[in-house]
């Protein structure tokens, strides 16, 4: 029980799928981006699918508000939803415009299988299970991007001057985004205390593992020829 | 088809349960409130249960965001959720404090059956059906209160001077709240065009009817000795 | 922790709301039924509302199948659903016919608020939470009726000869129904081990408590003048 | 409007994505199977993933029971669920054993992305939308396999003697399975009359289209080297 209580759930989950976690967070897509060598067509495909992804992620925050058991959790989900469907989406759209992608163009693109797979997996897991299942399914995305950003910003191999993807790295390394991820980690521990117990670790680990694999598949999709 | 297309869905639904609609919107609770003759204990019970009610209503807006099929609908639901769990709730709490009710006191009260019945009915209808089913289940509350406010503010029998409930009437008669209700009516028509057809009227009428009866039961509860 | 592991969850939940549990299982309706003194009109109202109740209870078993995480749980829910929507419903309908109630008549009756309140509460709880939340919300009905049947069949005050409600008591006291209830109790323990922990007890107790109160309100409704 | 009323919804949906429908129902996997030339390793991978798929498909029938608005629809879903989780699953397991695959082995395999993508897509669509959305998302599977079976059994190119996959073709060409598919088609029309209208066609077409693409991805997965 002592480990269970003292190690944050997030770290237990990540430790239980170390190989998959590296495959995701140190993916060729990420490394090429850090070195400024990612083909622009791949990045554009990523941006388009990320736009479609965000729409369903916003819906996941709506679902979290419905599933919340405390006013505090409802408000946290409301903030996430408003950020996601409002400011985040607008920032993403503004950023994409610099890459020559209009919102109308992106909205008209078909969702890639990898986009459908991850987003529907998260939503369905949240509906079949409870708020903790939902937050764990979201974690590889919410926390993983923060980890990628923080690692890349300090990495000796990361190219900063003239790297067209520098702004992407800075965004996820920013204090603001790091705070979002830290809050997500803390919220999982609160929920584990309120709705969990050692018996849940096996299923939560499977969820985290599957969601991590689906994130990897998302990068794979962006690199497809 | 011409009627179907030209008369707003909301007016069709209300016309199909005229007697129940009057029983709700012209309830003894409402009339006593307008005349300033409602016992304070009844109003306090109403305020407490309305606080508990709002928590679940906020959850319904979260559910609407999840069920939305367009970014526009996600954003509208996000606004409703943020208003409900944020500003509306705070206004309600501030208003209740004037009546000697602290938020902690209200949160500690058990939910009345009438509160559980209506809130869970709405949420369950929204989950079993689609976004239109959800919005129709919410309509007696969202639009009904606007109708009550508008009628009372102009009614010759309404006591304005020295009526301790005048602020309540003014809030629901306010232009801002009337706009919320008008948007709800318009949204139902949009959804009826996108997801509806004459075949749905029967079930939607049942939903509207049941939700109206549950609103009446909510007033009844507040008046219980 | 030792209590937590050794006492079945069901007994912990019931012990935590002893007064409400007695109010439900020893309700005036039940006692009058045992003595053969329940007005027939009350029993008919009960039968009608129980018919409408069963429809939503069948839906709850469908929901349990969706929320199941193991093939075993899916199959258990499938059996429950098939029993509920098939054989149970047919037995209920055949029994009601002896009381002069046709299925068409019952289906045409409006749902009482008490019927809506409990059924939608259970379904909504199951959707917002997980399978354990759902099974706990169902327990006062599934297990409570078994307890009532077993207690009444042996009670010295129960009238057996000439009691028009004897068949009702026998049904819920039957070995078959006792087995259904025992399986429900065991399933809650399995789920508590797999998805639970001490932290969940508070919320599960609230759910059990609220569902018990809603069962009491169901008897109250049947006795209304 | 006349077309809308007279042509079954299923045929409208299929006509709206003719190219994708051919890509799915005349997939290389299907053609190789018909000619007895499909590598056994591909068929085994298909059988394993189909086993994992069936578990989630059974859950979809549970969800359909929850979302049903009539006792008739609840019973139809209950039958589907029982068939799927019971008889169908056992037949599948027995069939797989002939191919050297035990149930325990299959249950231990990780779900392929293609399996997760389609099953979660169907479940999430059913939860976000209504029963019609769910049935349309299921249709490419339920009806598509019937179409494949019927076409192959009569096709001049299909190898019958000594084709190790002959039993698979016969199963889906069987009168029993054809009846299941015909019932699904009829049910979609019932639901379209009750909950639909011309306005829904666009979204339903997208759903059918996406589900068809996800079926194609399922065959692709089985053929992966």
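Just so it is clear, A, B, C and D label the chains in written order, and each chain counts residues from 1 on its own.
Quick note on the criterion: a residue touches a chain if its C-beta (ideal position, glycine included) is under 8 Å from a C-beta of that chain, and two chains touch if they have at least 3 such contacts.
What you see is a predicted model; the values in this text were computed from it and never measured.
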Original post:
Most remote chain relative to chain C, going by C-alpha centroids?
Top reply: A
**OP:** Could you quickly compare A-C and A-B and let me know which has more C-beta contacts?
**Re:** A-B
Subject >> Inter-chain centre distance, chain B versus chain C - centres from mean C-alpha coordinates, in Å >> reply: 31
Original post:
Taking each chain's centre as the mean of its CA atoms, how far is chain A from chain B in angstrom?
Top reply: 36
**OP:** Starting from the mean Cα coordinates of chain A and chain C, work out the distance between those two points in Å.
**Re:** 42
Original post:
Touching two or more other chains, which residues of chain A qualify?
Top reply: 59, 66, 123, 127-128
Subject >> For the chain C and chain A complex, residues of the former touching the latter >> reply: 66-67, 69, 127-130, 133, 192-200, 203
Original post:
In the complex formed with chain A, which residues of chain D make contact?
Top reply: 59, 111, 113-114, 116-117, 120-121, 123-125, 127-128, 210, 213-214, 217
Subject >> Residues on chain C engaged by chain D in the complex (per definition of touch) >> reply: 55, 58-66, 68, 71, 74-75, 77-79, 81-82, 85-86, 89, 107, 123
